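The two complexes that follow have subunit A in common; it is paired with subunit B in the first and with subunit C in the second.
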Partner chain A sequence: MRVYQVPQHAFLLLVGGALLAAAPHLLLGPPWLRILLPLLLLARVLIQRGRLAMPGRMVRVVLLAGVVLGTLYTHGTVLGPEAGTCLLIAAFGLKTLEMFRLRDAYVLLVLGYFVLATTFLFYQSPLAALYVFVVMVLLTASLVGINRPETGARSRTHLRLASVMLLQALPLMVLLFVLVPRIAPLWALEFQSEGARTGMSDSMAPGEVSRLTESTELAFRVEFEGAVPSPAERYWRGMTYSLFDGRRWSQASPGGLPRPDLVIFPGQGTAPWHEQLQAQHAAMADTDAAPVYRYRVVQEASRRPWLYTLAVPFVRGPARGIGQVRDFRLVKEGDIEQRFAYSVESYPLLTAAVGLPDWERDFNLALPELGNPRSRQLAQRLFDAEGGDVEAYALRVLAHFRQEPFYYTLEPPLLGGNTVDEFLFDTRRGFCEHYASAFAFMMRAAGVPARIVAGYQGGELNPVGNHLRVHQYHAHAWAEIWIDGQGWVEFDPTGAVAPERIERGMDRFLGREMGALQNLLSGAAFSRNPLLARLRNSIDYLQFSWQKWVLGYDESSQMAFLERWLKDVSPLRIGLVLLIGTVAILLPVALWVLLRRRGPPRSPLQREYRALRKQLLRSNIAVSEGLPPRAVSETVARACPAAADAIRAWVSQYEQAAYAEHADAQALQRLRRLRRALRWRLRRSALSG
Partner chain B sequence: MQKLHDALERVGKVVLGKDEQIRLAVACMLARGHLLIEDLPGMGKTTLAHALSRIFSLDYQRVQFTSDMLPADILGVSVFDPDSRRFELRKGPVFTQLLLADEINRATPKTQSALLEAMEERQVTQDGESRPLPQPFFVVATQNPLDQGGTFPLPESQLDRFLMRISLGYPAPEAEMSLLRAGDLRERALDMSPALTVAELMALMAEVEQVHASEDLLDYLQRLLEHSRGCGWFTAGLSPRAGLGVLRAARAWALLDKRKYVIPEDIQAVLKPVCEHRLQSASGGTAGGAASRLLEAVPVVR
Partner chain C sequence: MATAGMRSLYRRWLDRRMPAARQQQLTQRRIFILPTGYGVFFMVIAGSLFLGGINYENNLIMALSFLMTSLFMIAILHTFRNLSGLVLRAGRMAPGFAGTDGALELVLHAGDQQAHTGLWLAYPGAAPEEVSVSPGEEKNVWLSVPLRRRGYNRAGRVRIESRYPLGLLRAWSLLDMDQACLGWPRPLASEECPAGGGEQLQGQYAGRQRGSDDFQGLRSYQEGDSPRQVDWKAYAAGRGLHSKHFADPAEGWLWLDWSLLPAMDTETRLGRLAWWVLALEQRQQRYGLRLPGTELPPALGADQRRRALDMLGLYGENIQGGEH
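Let's turn to the complex of A and B:
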C-alpha cells in the first residue's frame, strides 16, 4: 500500500499549525509533553523527507502506553481538563506518525481544531482569541492544501483562501454567539487547584495581610453607574472575623444556630433580620435623597465564596446563587472558580434595627481568659476616663494611636505570645491588621462588642473606562463596633496612624515604601509616565470590556439582551432571527460567487479532461494543472506502472481530439471508454498494492 | 524532414552536449526569427553560428561590434565612382544570409538600431533607395551578460525584435571530456558539408506555417498571455507580438518533432526562450524563472 504523502506545499502549514495549536498547552503542561510533541513533529518532518520510516505498530502501541502512563504520573488521572488536554495533545502528536491515508490527515486536522478550542479552557484574554484565530487560519490553510495535491500549488494561495474563508465566517460567528441559547455544560469541569491562590482568607494573624501587599494580582474590577466614591470611602467589605484566640482572628459563628439566622439565599425562606433589612432597603429606594452607589463588580477567580461590596449591599436584578449575610455582606453559593460578575447597590444604612441578640453580643465580646494584661488595664483606664461613653472611648483609642509614637509599616517586627501587649507597648510598628486587631481587643476588653472587617480598601481609577481596579495589594483590615442606637459602626485605626494610606490610596503609599522592582510590578512606575499610564489604562479597559461583553455574556445577560431587542423571547423568534441573519450574511457571498466574471464555458472535451484529473485525485495521484498531457501520463505511469498503458492510450487519444487538425466525431466516446479502463486498472493496483 | 534531423545531429557533433539549444536555434530559424545568445565568451556561440550557416549552406558574415562603429560599417556606404559619374553602394556585411553580430551591446544605440531596423524590415534603405536583403535572412547576436562596462544594453523595444534568447552554459562533464579529447571544434564547423540546400530550408519554413494550432491550444496560449498581464509579477505583461512569436516558435518546434499540429508541450518548450527576455520582474531585475512560474500557474486545459 502506498503511504499518503502530504503535499509539500501544505506540509509546513500542517506542522506549523499543529505546533502552534498545541503551544499554549505546552507552556502549562508537564515537561515531558514539552519535549515529546516537538520530537514527534520532527520525526514527521524526517518521514516526509524520506529520512525515517513510518514507525511500526509495536512502536506506536508502546508510545501510546507511555503517553497514558505519563499523564497518569503527572496528573494522577486521565480525566478532568488538565489531564484530558495533556492526553489529547500527546495523542494528537502521535497521530502524525499514523498518517497512512488522506483520511488520517483529515482526522489530524479535526483533532487540531479541537486542541485549539481547548486553549480557551486555560486562556480567555482577547490576545488568546486573536492567537486562536491566527492558528485557525494556518490549520484551515493546510486543510485547503491537502485538498489540492497538485505539485504546483503554493502555500501562500492556501493561506489567502483560508483567511478569506474565515473572515467570511466571522459575521456568522458573531450572529451565533449572540443568538444561540447558552446551554449549561453537560458536565462540570473541575480544575485541579494550583496551590493556594493569593487573596483574603477566612482568618487573619499578624503579618498575613501585609504579605498580600507583595502581590500585584488583580482582585476585581468595579464599574460604577454614576459617581465613583472618593478614595476614603472605598471600603470593600468581604468578611468579618469575630473569633479571637489571642493571636488569630477567624470568621466563625456560635454552634447550634439555625442557618437562616446567618445567611439567606433567595428562595430559601427568610428571617427577622433579613426582613428588617429588606424593609429598610425598600424605604430607602423610595426616597431619592439617600446616597447610593450602584455598581457592577467583575471578580477574578478566588476559590472562595466571598463577594466584595461597599456599606450595606443589596443585589440588583436576579440574585441567583448570591446570599445576604447577617453582617451586611454578600456571599456566593459555592466558590468562585471562574471570573464572576454581580451588580450591587449599596446604602449607608443605620443597622441598629437589625438588632444585636444576646448570642451575637456575647460572641463579639469574647476574649481569651488570659494574656495581654497591660492592654486590658489600659482599656479599662481609658474607658473609665471617658465615663463609659462608647463612642467617646473609641475616639479616645484612636487618639491614643495618633498621639503615641505608632508607625505604619509594611515590615512590622515579629510578635511573641501576647501580641496585643507587645504591639501596643513595645514595638509600636505595625500594618493594618495590627491596628485593627489591637483596636478590636481594646473594645472587647472594655465591654464593647467589636469585630474585624477584612476586605480591600481603595482601588485604582482607570480614567479610560471610568472603572476601579482593585489589586491584592489593596487588601486591608479594619474594625467595627456596636453602638446602641446606631448599630455597627466602622472604625479604621489605620487611618489614625497613616491617613495618607486611606485618602491617597495604597498605590502612592507603596510607591514610597517598596523597592524598585515591586514598584515596577505594581504599575506605580507606569503611572509616572503619562503616555505609558494611558497605554496601561487602555489595555486594562480593553480587557475589562472583553470580560464584560464577551466572557460575561452568559445566560442571564443573553436573556436581558434578547428581551430588549426581540421583546418576546421564544424559540421560534430566535430561530427566525437566526435564519434571517444567516441569509442576510450568506446572500451577498452567494451572489458574488454566482455573478463574478467567468471565462467561456468548458467544452465536452475539456470536461472530459477534468473528469480524468478527478479520477487521478481519487487514486491519490497528484498532478499539477500546469502539466501538459504527456507529462501527466508519465507521472501516472511512474505512480502506478500497471496503469501505464491505459493512461498513454487515453492521452494520445486526447491529443488527437484536442489538438490535431481533423478530429473525429467518435473521439469523445472513445475517450470515455479508455477512461473507464484506466479507472479499473488504477483500482486494481490500489487493492493489490 | 530526414535531412533536417541529420543536420541537427551533425551540428550536435560540433557543439557538444547542447542538443536542446541547437534544436531551439534551428526552430528559431525555421520560424523566421532572429536569435540572441547571451553567454560568457568561449562557450561556443560562434561555433554554433558557423555550424548553422554551413549546414544550411547559407552565406555567413561576422561583425564584431565596437563602440566606435557607425551604421555604415554594417549597412554599407555609397561611393562616388568617377568613371560612371554615379554613386555606387558598397554593400556592408548585413547583405548576407546569416549575420553573426558579436557583442551587440558594445555598439552605440544608433548603430544598434540600424541593424535592428534591417532585422525587422528585411531591407536596407539608403539614399532614398530600398534594397532587399537576401532570402533567408537571420541574425544571431551575442552579448555578454556579466561584463557591462562601456556597453549600451539593448532597450526592451529592441530586445523584442529577437524571437528567442538562449544561453549555452557550461558543458556537462562527459561533453567537456569529449571536447577536450577532440580539440578545437571550430575548424570542423568550417569544414562541415551542407545538409540542406537553401531551397529546402525555405520549403521547411513555409511548412512551419502550415502546422495546425487547434482552438484548445490557442485558448491555452491566450490564458498564458492573460495571466502574464494580470498576475502582477511583471512590470508589463506579454505583448500580442510575443504571443505570435510563441505560436510561431511552437509550430517550428512541432515540425521538428515531425508533427502536423501543435500540442501544449511545444508551447511549454519554447515559452522560456521566447518570453523571458521580454519580461521584467515587478520587484526589479530580470524575470528569471518567469516562464516556469507562468506554466505552473496556468492550467493546460481550462
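Let's turn to the complex of A and C:
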C-alpha cells in the first residue's frame, strides 16, 4: 500500500481547521487538554515535514488510555455532554497522529464538523455562529484539498470554492431550519450547565430581594404583540408565597394535597380547577373586548423552573413541558438550564376563575399563633374602622404606609424576632419585601386571605426593538388578597411608599440610590448619552432577535409562523412546501453551476486568434472572422507598416501551430509572446503617428 | 444465472442510452451520480447532530446539521458540474502483444469557462489514470487496455469518474468511445525459421545496411505502400500520389512466409511469424513478410517491425476501427 501524504496545499487548512474547530473547547476544557491538543497538532506538522516519525501503535494506545484516564479524573465520568466533548476533542487530536491514509483524513474532517457542532453546547451567540461558519469553510476547504491530488493546486482556490459552496448552501439551510418540524426530545437529556442559580428563590425573608438589586444581570426579555403595557402594569409574577413562619415567607402547599390540585402539565391528566380555568379562558378568548396581553418571553437560564408572566397566563401554541399552576402561574418541567422562550396570553379579568375553596382560604389565612402582637392589634382596629369592608381596609393599610413616616430604601436595618412589629412601629425603613410582608400579615390578621407574590416589576424599554429588558434589579415582591366577587387582587404597598419606583421604574430609582459603579453597570450612564444608548439598544435588539428567531425558534413559534403563511398546517403541506422550496432554491444554483456556453468548443489556438482580432480592433484595425491568416497579415501591414514584421512572425507561427498534429503548450506560449510584441509595435506607431 | 442476465440487460440499456461515438460530450444523459461511503458517513454525522439538536433543544446544532445537509445537496451540483460539459475524443492507439496491455489515447477538451478537476479514467480491467483539465485546455491521456486476443480488441466502455470537490459524491460516466486496440500475435518461439532463400545470402547483408537509400524512381501509389515512400512534394504540387521506389537487391533478406508453416492452426502460425519478426530484428537481418493475399516488402527497423506485427495482428480481421 502506498503511503498517503496529505497534499501540501491542503495540509495547513486541515491542521488549522482541526485546531480552530477544537479551540472553543480548549478554553473551557481541563488544562491538560489545552496543552495536549496543540502538542498533537504540532507533532503532526513535524511528521508531515519529515522531522518526526509516525508514532507506533503502542504510543497511540498509551496516549488513548491517558486521555480516557484524564477525562475520568477531570469529570468523574466519560459520559454526558461535557466529558463526552472532552473525550471527543482528545480523540480528535489523536486521530491526526494516525492520519496516513486518505480515509483517515476524511474521518478526521467529518469528525471535525461534529466537534464544531458541540461548540454550540457552550456558546450560542451570533459571534459563535459566525465563528463556526468560518471554521466550517476551513474544514470544507480541506475536504476540497484532499480531493485534489496534484501538487500544483493552491489553498486559496480551495478556500474560495468552499466559501462559494457554503454560501450557496445557506438559503437551503434557512429553509430546512424554518420548515423541518421540531419534535419533542426522543429521550430525556437534561443538559446540566455549571452555574449559580440566579433570581428569586422559593422563599423570602426580609433583606433577600434587596440583595438581588445589586445584580445588573438580565433576567428575561419580553416582546409584546401590540402596545407595551405601562410600567405600572408590568407585574411579572414568578411565584407566590403562602406560608409564613413569623419571619420567612415560603412557597408551600397544604399537606396531603394531591399534586393535580396545584399544577397540571399537558398530557398528565386534568383537575376540576384546571377545567374550570380553561373553560373561562375559552369564553374570554371569544369576547373580543376582553383585555388581554399577548407576548413572548425569552428567559435567561436561571436554574429554576419558574416562568414570569402577567396576570392570569395561558401558554400559546403547544405547551410542551410547561405546567399551569393553580395560583395563575406557569412553571417549566425541570429547571431552566439554557435560555428558554415561551409565548403567553394573559387575561387580567380571570383572577376569580379558580375560586377559593375552604382549604385554600384557611391556607392563606394561617399565621403563627404568637408574635407580632402590636401589628395584630393595629389590623383589628383598622379593619373595624372600615366596617369590615375588605377593599376599604386594604386601601386603609396602604394609606397608613403613605401617611406615616415610612421610607423605601435599599439598605434597611436588620430586624429581630417580631419582624412585622419592628418594621411597622420601630424602624419603618424597608425594601419591597418588608412592605409586602407587613401588608400580607395585616391582611391575614384581619381575616382577609392574602399571599405574597414574588417576581419582577417593570422593565427597561428598548425603543429599537420595542421590547422590554427585565434585569435582576427589577426583582420585586408584592401582595394579593382575595376579595369576594373580584378574586385575587394585586396590592403593591411599595407603590404607596415610593410611587416613582413603580411609575418610572427601578432604573431611575437605582440611578439615585446607587453609587457610581453600580450606576455604570446598570446602564444608567449609557442612557444619558443618546448615541451610546442607541448603540446599546441596537446591540440588545440584535441579541434579542437572535434569541427569539434562532435560539428560541421552537415548536410553538414554528406553528405560529407556519399558520401565518400556510394557513392549514398538515404534514403533507409542510412536506410539499419543503419540496417546492428546495427545488426553488436549488434551481438557480443548479443553473448557475451547470449552464455553460453552448456551441462547438474552441481550441486554444482559436482563442488565440480571437485574442489577436480583439487586439487589432483596439488599434482600429477591423478583421472579419472568416479572414485567413495571410490576409490578416496583409491588412495589418497596410494599416501599420511598422508592425508588418511582427504580424508576419505571428502568422507564420500560427500556421505552424495550426498544422501541427497537436497544439503544444510551448507553441502557444511563443504565439502569445509574438502577439505581445505586435501590440507593442502597434501602440508605438499609434503614439508616433 | 440471474446476474448474467441482469448484466446483459444493463449493458443493452447502456448501449441504448449512450451509443458508441468517437467524440462525445458529457451531458445529463451520460452522467451518473451517487454518494460515496464518506458521503454516507457525512450524512450520518449530520443526522446524529439533528438528533442531538432535538434532544438538547439546541437550535444552532440543528442548524449546523441542516447546513451540512444543504452542503451535501450543493455538492451534488458541483460534483456533477465537474464532469458535465467535458468533451472526449478518441485518439490514437498503441498496440501490444496479445496477453499484455495496449494503450488507447483519449483527448479531453474542456469548455472555455470550466475546469474539470481530478478526473479518473480507466478502461475495464486496467489501472485508472488521473488527470485535470483547465478551462479551454485540451489534454490527452493514454489509457492502458488489456489485450485478451490477437486482432482488434474492443476496449469496451471507458469509465470516467470524479469525486471532486468534496469527495462526498461520485459522478461517473461509462462511454463507448468506439475504440479498439490491436493485439499482435503472442510470439511463439520456434527453431525453424519459416523463411525461404535465407542463409547463403547472409554474407552479403552485412555490407548492405542502407539498401533502401538507393532511389530508383517513382511508381504510382499502391495499397500497402508505406507513407514514408510517398512522394509528398509531388503530391503537394498536384501531380498525384506516387511512391518512391528503391532498388533492393534480391540478395540480403529473408521472406518470412505463411505458406512455409503448414499443418498448424492460424494463431500458431501467426505466433511463430511474430517471434521470427522479433528475432530477425534482434539479429539486424532484413526481412519481408508474406501472408495469404498480402506482402510486406523487405526492410529493417522499427517501422518494419511495427508494420510486420500490425500485418500479423490484422490477419483475418475486418479492417475497421483502430487508426494508427
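Going forward, the second predicted complex is superposed on the first by the 364 of 689 C-alpha atoms of A that agree within 3 Å, B and C clash if a C-alpha of one lies under 4 Å from a C-alpha of the other, contacts with A are read in each partner's own complex, and residues count from 1 in each chain.
In the analysis below, a residue touches a chain if its C-beta (ideal position, glycine included) is under 8 Å from a C-beta of that chain, and two chains touch if they have at least 3 such contacts.
If you're wondering where the values come from, they're calculated on a predicted model, not measured in any experiment.
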First (subunit B), second (subunit C), both or neither touched by A:132: second
Partner chain(s) touched by A:655 [first = subunit B, second = subunit C, both, neither]: first
Touching partner for A:146 - first (subunit B), second (subunit C), both, neither: second
Superposed model, subunit A: greater residue contact from subunit B or subunit C: C
First (subunit B), second (subunit C), both or neither touched by A:169: second
Subunit B versus subunit C as contact partner of A:116, first or second or both or neither: second
Touched partner set for A:609, first subunit B, second subunit C, both or neither: first
Which of subunit B and subunit C A:551 touches, first, second, both or neither: second
First (subunit B), second (subunit C), both or neither touched by A:629: first
Intersection of subunit A interface sets (partners subunit B, subunit C): 602-603, 663
Partner subunit B, residues of subunit A touching it in the complex: 152, 599, 602-603, 605-606, 609-610, 624-631, 655, 658-661, 663
Subunit C residues within the subunit A interface of the complex: 38, 41-42, 45-46, 48-49, 51-52, 54-71, 73-75, 77-78, 80-81, 84-85, 87, 109-114, 117-118, 130, 132, 136-138, 140, 163-168
Touching residues on subunit A, where the partner in the complex is subunit C: 81, 106-107, 110-111, 113-114, 116-118, 120-121, 124, 128-129, 132, 136, 140, 143-144, 146-150, 161, 165-166, 168-170, 172-173, 176-177, 180, 182-187, 189, 191, 338, 550-554, 582, 586, 589-590, 593-594, 596-597, 601-604, 607, 662-663
Residues of subunit B that touch subunit A when the two form their complex: 212, 214, 216-217, 260-265, 268, 295-302
